[in-house]
Every structure is written in C-alpha cells, then in structure tokens.
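Here chain A shows up in two complexes: once beside chain B, once beside chain C.
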Partner chain A sequence: MAATGQTIAAAPPQEGLRSKLRSASTGFWFMSPALLLVIVFFFIPSIIIFGLSLTNLSTATGFQNWDWIGFKNYEKIFNHPSTKTIAQATIIYVVATLTLFNVGMALLVALLSTHIPKRAGFVFRTLWLLPRITPSVVYIMMWKFMSAAEPYGILNRYLPFLFDGKNLLPNSPWVFVILTNGFVGASFGMILFASAIESIPKDYMMAAMVDGCNIWHRIRYVILPALRWPLLFVTTYQTLSLLTSFEQILLLTDGEFGTEVWSLWAYHRALNNYWGNFQWGFGAALAVIMVVIGVVAAVAYMRFFQFDELVQEPRIEAL
Partner chain B sequence: MSQRKWWTVVAVMVVMSLLFTACGNDKDKEEPTEAAGPAKVEEPKIEKITLKVWAQANEVEHWRADGPAQAAADVTDFDITVEPGNDDAGWGDYKKKVTLAADAGEGPAIAVSGHEDVPVWGNAGYIVDFEFCRNKYPEFDDVIPGLWDSVTWQGKLWGVPQDTEARPMYFNKTKLKELGWSDADIAALPDKIKNGEFTLDDLIATAKEAVEKGVVEPGYGYWHRPSKGGDYVQYYFSYGGRLYDPDQDKLVLDKGALLDWYKFQRRLVDEGITPENYIGTEWSIWHDTVSHGNALFWNGGVWQWADWAANYVADLGGQDYLFDFIGYALQPSGIAGQPGGTLSHPLVYMIMSEKASGGKTQDAACALLAKTTTAEINTLHAVGSTHLGVVKAQANYPDYAADRLLSETLYMLDYNYYQPNHVQYGPYFDIIWDGMVKAENGDLSPEKAVDEVVKMMEVELEGFVIIED
Partner chain C sequence: MNSETNIWKTRISNAIPLILLVVLTSPIVIGFIWILISTFSKTTYGLEPQGGLTLDNWSFLWEKDTKIWTVTLNTLILSVGQTVAVVLISSLARYALSRISFPGRKAFLSMTLILHSFPAVTLLIALYFVLRWISDIPIIGNGLPIIGGFGYNTMGGVILVSLALQLPLGVWLMKGFFDNVSWDMQRAALIDGCGHFRVWWQIIMPIIRPGIAALTIFSFITGWSSFLIPYTFITDQQNSVLAAYLRSLLSDTAPVSYSTVAAVGLFQLIPVMIFFIFTQEYLMSIFAGGSKGGT
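Coming up: the complex of A and B.
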C-alpha cells in the first residue's frame, strides 16, 4: 500500500515531465528538417574543414602523403604580410557594399517604389532585378567594357570630358567592385523591404497623416520601426553573404589591385591558382577563420537588434 | 529419411557433380589429347582497352587529346580506344578537375598539363615515372633532346613533351619604317637581339621615340602580356635572375634581378610607352590592338598567331596580312652583350598511376604515347595551333616546314629556358607576380615591392627558397 501511495504521490510530476517532453519533442520534429540541413551542411563541413586546417594537405602531398602540422597554418596566417591588407580589403568590401547598396540602396528603392503609383513602382523594382538575373560572366564583361581604356571603353569613349582615356578599373577598383556587387545585392533587400512596407496597415499611415506627420516623420516613426525584422534579416544575411562571396571580384579583377578579399584568398589558395599546387590545408585554415568571424557577426547582430524581443511569443496568446 | 534430408542430399550431389564437371573441362582445355587432332595455333590475344585522355585546350588546340585518339589506330600491341576529353574551362579549373579525379581514383589514363605539374603530381603519386616507357619504343628517340629537361624531376623522366613554344618579342615593321629605320635595320633586329646588341633599354628608347614622334599613340610603344602568366619571368631571366638551384632542389630569388625587373616594369609606364593601369586589360582588346598594328613592340606567344589570323584579321588577309607588318625576335636581354632568350612552357603527356586512374593501363598508355609522339600526329597540333614541334623529324616534315612562322621561330628553342619543376613554384610565382603588379601600377616603389616579396617568401616558402642579394 505504501508503495502504491508513493506511486500516486509521484504521478503528477512525472506526467508534467512527460507532457513537457512531448511538447518539446513536437517542437523538435518541426525543427528537425532545418536542424538536419544545418548539421549536414554546416556543422559537419565545419568540423571537416577544421580538421583539414591542421594538416599540410595540398596537391603536392596528395591524399596519401600529408601530415598533421598542428596550428602551423594559423601561425602562417597571423604572420603573413598580406593578412592585414586582405582583412582591411574585406572590411571595406563588406561594409561599403552593405551600407551603400544591400541595405541603403535597397531601402531607398523600396521606399521610393512604394510611394509612387503601384505599376510604376513594380516596373522600377523589376529594373533593379536585371543585374541579378543577368549571367555573372556577361554582367562583368559589360562592366569591363564600360571601364576599359579608349577607344574600347564606353565611359572613356562617350564621356571624354569626365575621364582621361585610361583603363578605369585598376585606378578605382573599389568603385567597380562595390558597384558590381551592390547592383546585384540591392534587389534582395529591396524586395523584402518593399513587401514589408506594403504590409503596414494603412490605418497607421492615415493616423500619422492626421496627426500631421510629413513623409520623413512617417518613415522615421512608422515605417522604419515596422522594418526592424527585415532590416535585421537583410543586414545579417547580407553581411554573411558578402563575407563569403567573391564571384564578381573573381571575374572583375581576380583579386588584383588590392581587391583580394578573405574568401577569394581562401579560394585561390585552396582551389584555384595559376600554376596549380592547391594548398587545401592552408585554404581550410583561412576558411575556418571566416566561419568564426561569421558566427561572431551573426551573434553580435542578434544582440544588437534584440532578436529575443522580435521573436517572443505574442502576449495575447500567452494570456 | 525425411523429405528435407532427401533434398539436402540431392542438392549436395548436384553441387559436387557441377564442380567435377567444371574441373574436367579445365583439364581438357589445358591438355588437349592427340586424339582430338592437332591443336589450332591461336594468334596472341590483343588486349582491348579504353583509355581516357584529358587536356586543357581551346578549339584550335583540340589535337592535344584528339591526337592520341587518332594515333590509337597505329598501336599494334594493344587494341586501344581513346576517349578524348578537351576542356576549355581555364587552367586552374582543369588542374583542379584532374587532381580531384586522381585523388578519387577516377582520373584519366593520360593527362596533358604544363611541365610544372610534374613535381606536384609526381609527389602526390598521381603520375608514374616515365623511365619504364622511354626506352620501350624508338619513337621517343626523336624527341628534341632539350625538351626532356622540362619533364625531368629528381633525376627521372615523368612524361613526354606534347608541345612547346616560343614567346617572341613582336615588332611592327611598318611603324619602325615610319620611325626612320631602313629595311636592312629592321631585318637585322632579330640577330641584334640574339647577339645582345639590342637590349630592353634600347626597346624603351625606341618605343619612347616612336611615341614622341607620333608614330604610335602614347602608351602604345610596348605592350606586354596584360594578365598573369609565365611570360613575365622572361624579364627576370633577362636581368640575370635564376629560379632554381638543382643541387639543393630549392627555388631561388635573386633580389638584384627582381629589382631590375620591377624597375623595368615601372619605367614602361613612367616613359609613357605602356598605358597606366594597363594590367587587367581585356584579352580581346589586347589581341585586337596588336593584330591591327597599333603597338610598336609587344610580347606574346607563337600560338597567338593562329588566333589573330583566324579571329581578328581574317577579313584583312589573315596570316598574309600579319606577315606584311609583323616581325619577331627573341625577348631582348636586359644586359648588354647577353643574348636574348625566350621562355618555353612545354605541355607534357603524363601517364597516371593505377591509384589515380583506377586501372592498370600504364603499358597501353605508353604504347599510345609512342604513336602520338610522331611528326605526323604532332604536326596536326603544331600547325593547327601554331605551337612548335617536339620531334626532330618535324623540321623536314612537309606540313610543318611549309608553316613560315613555325619554321622561322624554331631557332628560338636554342635560346629557351623553362620554369622550374618544383612543388612550391605555384606559390612562388604568385608572390613575384603580386609584387610586379604593385610595382608597375605604382602602388609600391620597386624597392618596396621587392622587400614585400622577400617577406612573403620567408613566411610562405620557408625552407623552400634561397634568397640571394
């Protein structure tokens, strides 16, 4: 009897635990596809790349003759004369493209195109999608011929009073790197911001106008607060995306004229250099550093934008 | 006996009888009885084999892989079918494809690549040394002797040359005439360069004069290659630099020669004979400019001639138009009295190892390469893509001898040099290239660019490079 009594007494907490577990497992099952993808395509490759970064694996060693070399690749990176220059180039590239285009221009175009007649706004946004849907090689060729020396370069040929006839690309490489990436990148934020702006209830706008708000006030006090979530998402996503992207730079300058960014450095070392001998171990160490920077940046963004507040459960349902 | 046991006994008997029958048949095959009559004399079986041959080649270089495919018909000791794979994605991607396939055991039986891959792929075990093949077939005896140096690594041969080339300094005869040179002066230029009587300083002076007199537009006095490539080490060689110490098997950086080279590159811009911000010029613009006679001097390769004739000046007369105004000579030396030279970069056929190719095809690959290394097959590639031949017989082979450019530049192989076969040459070259770009563009002074190169080498190539003052 005593045992039965104990069982009865213990039953309520067990049931509570079970229900909590059941509730947690439901969440887990909903999360599992995404979790699986993250494990397979992020955590496992990250672990493999970290392992690779501790080796001297290269074409010269093949998969048979490599050795574990500890943290020598990391030592090499920290002592490398190019590290500082390439890190600076990466910061310039990411910050300038992100602020001027991927967020800045995207927001501007979204605001403009949602404050003009709907059809005109749609056409305007479609035009901004053109760089994204143009094949990269064709797109970069267009820019190369735009910047070329006279008589081949379009800018030099048709705007001789502005340019001196020389190849513009080596002289102002960052202008072209940021423009080519920015025109492609802006469309992503533009679509998200435009749809977020259009989903703001009209009542808010009406109320603001009744209260005497001008356009700047409406943007500052109504639209921008409503865009916090898309702003967080676009800023975080595009920062990480820019950190790891080098396609346009590869095609435009191949890292010449000081435009070698960290991801392109890793690519050149590990997968593509002129005379072969791909240094997989060294390239992997460069990639690991980028993964760490990416994770730190993501966490910092989440904190800065108070991610917890943005995703907390609605209070009405909590009651 | 139960039914199950019956079935077991029957099954065992069936298996045993099959085994005995099989053994009996084998014996019959091995020891034919006299009663069966005289045994038929069977011809030795020729092994049927399929070989993959991979090459990096544009549309005029397709014989790199198609040559072996055609030569397969001449092989008598194997019945070979070739699966040619010409790839035009660029060298970096091609080498990546070969190495990753080799690591997966799915590489080709034969790969064509630059000779600089010999040490890298040899060290990784992707290719087999060629010594086993060299003396097997007499065709290899006809290879131009000096070319074997390009495939030698650690005292052994690792491949057989597929093509080679010269990188001449081209000059515009019409513009030189406008500048006041006589026909005799122009005709004598190649010999003067050969004898060290016309140096890189003379080149700058002549080009500068042409710009000042309006014979060519400013910046069009001398056009070197506009992008990364081995051509640049010619200037380093021209100033007495060396890349490799065979005794120590180490790369060498001669700081003095490097500084002279970097100073030369900057002078080209400062003197106004090469455009500012020139590196990075689109290849199509470069080809268009030089093939239409807009530059006075330029440095290129013999293989570009076919490209210009077919794709840039076909409407003006193709090769005839080019011969009318273009002359060619060795790359001038930077030191008076020293002969000019040229960089050759032979591509070579390499036989992949069993591990890399996934098959025991090395003997068949050797037989195939013997029939590929002939005047008949190699001339298809040489003439089609204006590359120099690799066998001695080509000098008198009618199709080759009839090609004016190839015949007139063949002597340049007597003055050629190669890049070294060293596992770390790739990173070494990247470093000296980066320094050169900074020096020419004025981002760093030549002296500072050299200092930066030295620092980079000390970090990246510690133990692999000798730095000489």
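Coming up: the complex of A and C.
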C-alpha cells in the first residue's frame, strides 16, 4: 500500500468556512489508508462476527444450508458444561500471570536492576526482553524441554530430588502456562517501571537517606508513589492482553490438562480442531462475548485514566 | 561501629540485588544455552549432548529439496512489507491527527485507543471471511507476483491483516514524535506555498527519524516472529513463514527431531537477535523517554 499521492494545496492558517472545509478534506486524505484498513479489518469483521454468532454456520451445514438461529448460540454457551470450567481457567490464568509476573516480577526486576551498576542492569533487562523477541514456537519448545521426562528434561535431570522423573507438564500444567506467559509478559512492565524509577530525581533519594530511611522505607515512600501511574497502566493494559492471548497455551498444551481458556476455546471451535468440524457460528458467539468484555474494559480504563492525560504520553504504548 | 563491618555491610547489600537477579533470570539463560547446545547434538540429556557433536541438524540449510529458503524469503517479505506499510500509513494518519485540525479528529483518536486494546485475535474468524471475499476480486485477490495477492492463502493477505492489527499501535507510538515538531517550521513551509503532502514528506518525516526507527524496529521484530496469523491464513505450512514451518516440523506424524527444530528455531532467531542487539539501546531510550511524563 503506497502513500496516497495527493498533493494538497497549501492552507495557510486563516479563519473561515472554506479553509475549514479544505483542512477537513486534507485531513481526510491523510487518514484514508488508515481509515480503509480500520474499516475493512476491524469494523466489517466486528459486524460479520456478530452476524455469524446468530447463525448455525459450520462445516457440517456448509455455506448453503445454514440458518439464522437467533441467540441460540449464546443460550448454548450459558448452558454448556465446559463454560464454567473454562471461565474459571481464564480467570485463574489472567489473575495469576498478571500478579505474579506482568506486574509482580516486572516490578521486582525493575527495582533490582536499577539498584546495581548501570551496565549490569542494562544486560539483565536485555536478557528479560529475549523471550519477547524469540519466535514463540522455539520459546515454547525450550520450556517443553525444561519440563520433559527423564533423561531429556532439564529440571528432572539436575534437580532429581525435587521431581519424580516424569514429564512435569501433565501434572502441573498451570505452573508452566503461567511461567511461559509470565516470562514474556514481564518485560513490558519491567521497562516502564525501570525508566520511571530512573527518572526519580536523585535528591529525593538523598533526602530519604539523610532522613535515615532504610531500603523498605525508600521503596514504600519514594519509589512506589512515583510508580503509581505506570502501575495502573500496566495492570489494566496487560489484563486485556492476557485475556485475549492464547498463542503460548496453544503451542504448550493446546488446551489439554484443563488449560483451555476462553479465547483458545473460540479458536478451537471455529478455526482449528482435530475433527475438522469448524463451528463458525458458535465460535463467533464465543468471540463476541470476549469483544464485549474487551471493549467494556477498554472504555472503563479510558475513563479511569482520563483520556486527555493519556494523550500526552502516547509513546508509552510501545510494546 | 567499626569501619570494617561497615564496608562488608555495603558490599553485601550491593551484592544481594545482583544475586537475586541472577537467580530470577536463570531460566531464560539456561533455556537459551539448551537451544544452542541441542542444535549441535543428536539428542540431549538435560544440557549434555549425547553421542558427540554433529552438524546434521543444520542440514536443512544445504539439502537439495529444502524449503527453508522459500520460507525465509516469505518471512522477509512479510516483515519488510508490513514494516514499510505500517510506518507509511501510520505516519500519514498521525500527521493529520497531530498537525491538521479537522472535525472527527478526537473521535478517531479515542477510537484507535479502543482498537489498541481491542482483542484483535478474536476477530480471526471474521477475518477469514473477509479474506475469502478479497480472494474473489480478480487480480488483486490472488493474481499478483511475489505476494500472491491480498486474499486468503496469500502472503499479501497476511501482510494486510498483520498491518491492520499493528496500526493502532503505530498511530499511538508516532504521536509523541509528531507533537514535538515545532509549529513555526510547519507554518513557514505552508506560507511559502508548500503542500501538506510535501510538509509531511520533506520536513516532518526527516525530523521524526527516531520515531520511525522505533516503529520500524518494533514492527520488523513482530513480523519476523509472527506465527498465529500466517498459521491461520496460509494453508500450506511448508510454504508459509518460518514460524509456521517450524510448527509443521513439530506436528508431523513422523518422530520429531527436536534438535532439528531447535536448529531451525535458532536460524530464525539469529537475524532478529543481531538486529535487536544493534538497535536495542535505541529502543530502550525511547521507552525511557516515553514514560517520563507519566510518573
């Protein structure tokens, strides 16, 4: 997609309807490629997905014999035996990964890496970014070998007194789901927290030290207050990311051992399953529920952060 | 209080964060050491290669009917295509949003924010139908050279979808850079008879080079390792991108050679690692600058 080749007449800043109209059309031309993409790949799909969720379209019905079935798919979801377990699994996954890693570990690594020599801190933060840039297939394979049975698995081989030599994944799938997602997710918060900590004026720290604050007091009364905004931002933003991400789980367990989360469920039903029966209608209904939760959360968090304030630091939305 | 214990006390308190960090980071380091070792061995028991070192796992690079170069080329096309398009389109949109006052500006801004946190993967099912429709358009659908077209089961289609999903991020990432360009410069150029398009291309774009760099780095890395979208929208995994090819090696019914998978994985990781090492300082400093006002 090349840039629109429109050369637009200069519009020196002046009042009046004509110049307003002209700047409106200029704005429109600059926006048009982005607008087109947003319409084709966000708006139309949203409408399609809602429409689909009202049908029984699947590979069984084909593209000819499907019917509108109203809200039957939604009814089916509410009465489905798996709904409760999958919803619970999703909540466990999101809450545990978020608190332990995306916020908890991120904060810990940020704190530690800003309290050692600068170069060393930089090295550690780079290491923590590695999982994010590694192809997910290889990254997950690495974890599979961590957990593999004897004699292949790293954990079983070097810590035989802790584990029984069997593959660890089936017995503690959640530990590995949270670890794999957490090691990827922690870097987002880590970078934001670390740069926020580093931008605290040195005088504050000195003043606190002169006043006889120990390390805990400094964290509690100087560092944490400075991190208020990044903490809130990371928490809400990462909640949304975790809610909809399933790539790691897909590759790690493919939803086995009770690790099927909501987004993976929709994916399995509609696009990828062993039986080859793709239930687009039912999958779409599952997706619509997620979209609604996502949008409500997004709007809530825009309210919470006050949109105008967020506008002032867009560069923060970087990962 | 004697000074000797004091020195020790500071030494220990300096060492504690370092030791803790080493412990916390160890899974990552061990994992990557394992990848490196296993690519040169037949099998590994833990981190120990069994039966000597070998180059067999790398034979996919020089075998006769190897698919690796097609797949690598596809990955390159996807990453470069997506990166160029994201940078151009989001900086065009951003110019309008930051530098031109027009109605609907604020609405679009808040909309991109919602899209930014929109669960994009949930749209996969619908995107499948959109791409099928695009396929039906003659030529554009699936009759183009190199990218194959913009429809279902073409690289062009995958580029379009990845591009759209990255767009909200691009628009927001560029905002800070566009906002910081001096208004006087733009006004002077406009008064001198420069069109908005020339202002964008000849004045603003050179100034915001750091922003373009950041978006380029980020977008290229994302594109190079992208898996889900090519995996979903290209049916033949062996002619898809590196990540999907890798996955096809794993899910084959024949016994899987994990060492080969690790070697292909490392092959995919190396370019992006080199790229990352050379650009990371840059990327980090941009993040650092971006969050300052937010504290």
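We adopt the following convention: the second predicted complex is superposed on the first by the 242 of 319 C-alpha atoms of A that agree within 3 Å, B and C clash if a C-alpha of one lies under 4 Å from a C-alpha of the other, contacts with A are read in each partner's own complex, and residues count from 1 in each chain.
In the analysis below, contacts are C-beta pairs under 8 Å (C-beta built on N, C-alpha and C of every residue); 3 or more make two chains touch, one makes a residue touch a chain.
Computed from a prediction, not measured in an experiment: that's the story for all the values here.
Novice: Figure out whether A:271 sits in contact with chain B (first) or chain C (second), or with both, or with neither.
Specialist: In the superposition, A:271 touches chain B and chain C alike.
Novice: For A:210, decide between first (touching chain B), second (touching chain C), both and neither.
Specialist: neither
Novice: Who touches more of chain A, chain B or chain C?
Specialist: Looking at chain B versus chain C, the one contacting more residues of chain A is C.
Novice: Looking at A:162, would you say it contacts chain B, chain C, both, or neither? Reply first, second, both or neither.
Specialist: Neither partner.
Novice: Touch check for A:44: first (chain B), second (chain C), both, or neither?
Specialist: Second partner only, chain C.
Novice: A:196 in the overlay: touching chain B, chain C, both, or neither? Say first, second, both or neither.
Specialist: In the superposition, A:196 contacts chain C only.
Novice: Tell me which partner A:124 touches in the superposition: chain B (first), chain C (second), both or neither.
Specialist: The second partner, chain C, only.
Novice: Classify the contacts of A:152 with the two partner chains as first (chain B alone), second (chain C alone), both, or neither.
Specialist: both
Novice: For A:60, using the defined touch cut-off, is the partner it touches chain B, chain C, both, or neither? Pick first, second, both or neither.
Specialist: first
Novice: So, does A:52 touch the first partner chain B, the second partner chain C, both, or neither?
Specialist: In the superposed model, A:52 contacts chain C only, not chain B.
Novice: Show me the chain A residues, by the header's touch rule, that chain B contacts in one structure and chain C contacts in the other.
Specialist: 145, 152, 271-272
Novice: Which residues of chain C touch chain A in the complex?
Specialist: Interface residues on the chain C side: 13-14, 17-18, 20-21, 24-25, 27-32, 34-35, 38, 43-47, 85, 88-90, 92-93, 95-97, 100-103, 105, 108-130, 160-161, 163-165, 167, 169, 171-177, 187, 190-191, 193-198, 200, 214, 218, 221, 224-225, 227-228, 232, 242-243, 246-247, 250, 258, 261-262, 265-266, 268-269, 272-273, 276, 280, 284, 286-295.
Novice: Which residues of chain A touch chain C once you look at their complex with the stated criterion?
Specialist: Listed in rising order, the residues are 1-13, 23-24, 26-28, 30-31, 33-35, 37-38, 40-42, 44-46, 48-49, 52, 105, 108-109, 111-113, 115-116, 120, 122, 124-131, 133-139, 141-143, 145-146, 151-154, 156-158, 179, 183, 191-192, 195-196, 198-200, 215, 226-230, 233, 237, 240, 243-247, 250-251, 263, 266-267, 270-272, 280, 283-284, 287, 290-291, 294-295, 297-299, 301-302, 307, 310-319.
Novice: Taking the touch rule as given, give the residues of chain A at its contact with chain B in the complex, in rising order.
Specialist: 59-65, 76, 79-82, 144-145, 148-149, 152, 166-171, 253-254, 256-258, 268, 271-279
Novice: Note which residues of chain B are touching chain A in the complex, please.
Specialist: The touching residues are 91-93, 95-96, 99, 102-103, 113-114, 116-117, 119-121, 123-126, 219, 228-229, 275-282, 285, 288, 355, 419, 423-427, 429-430, 433, 437, 441, 443, 452, 455-456, 459-460.
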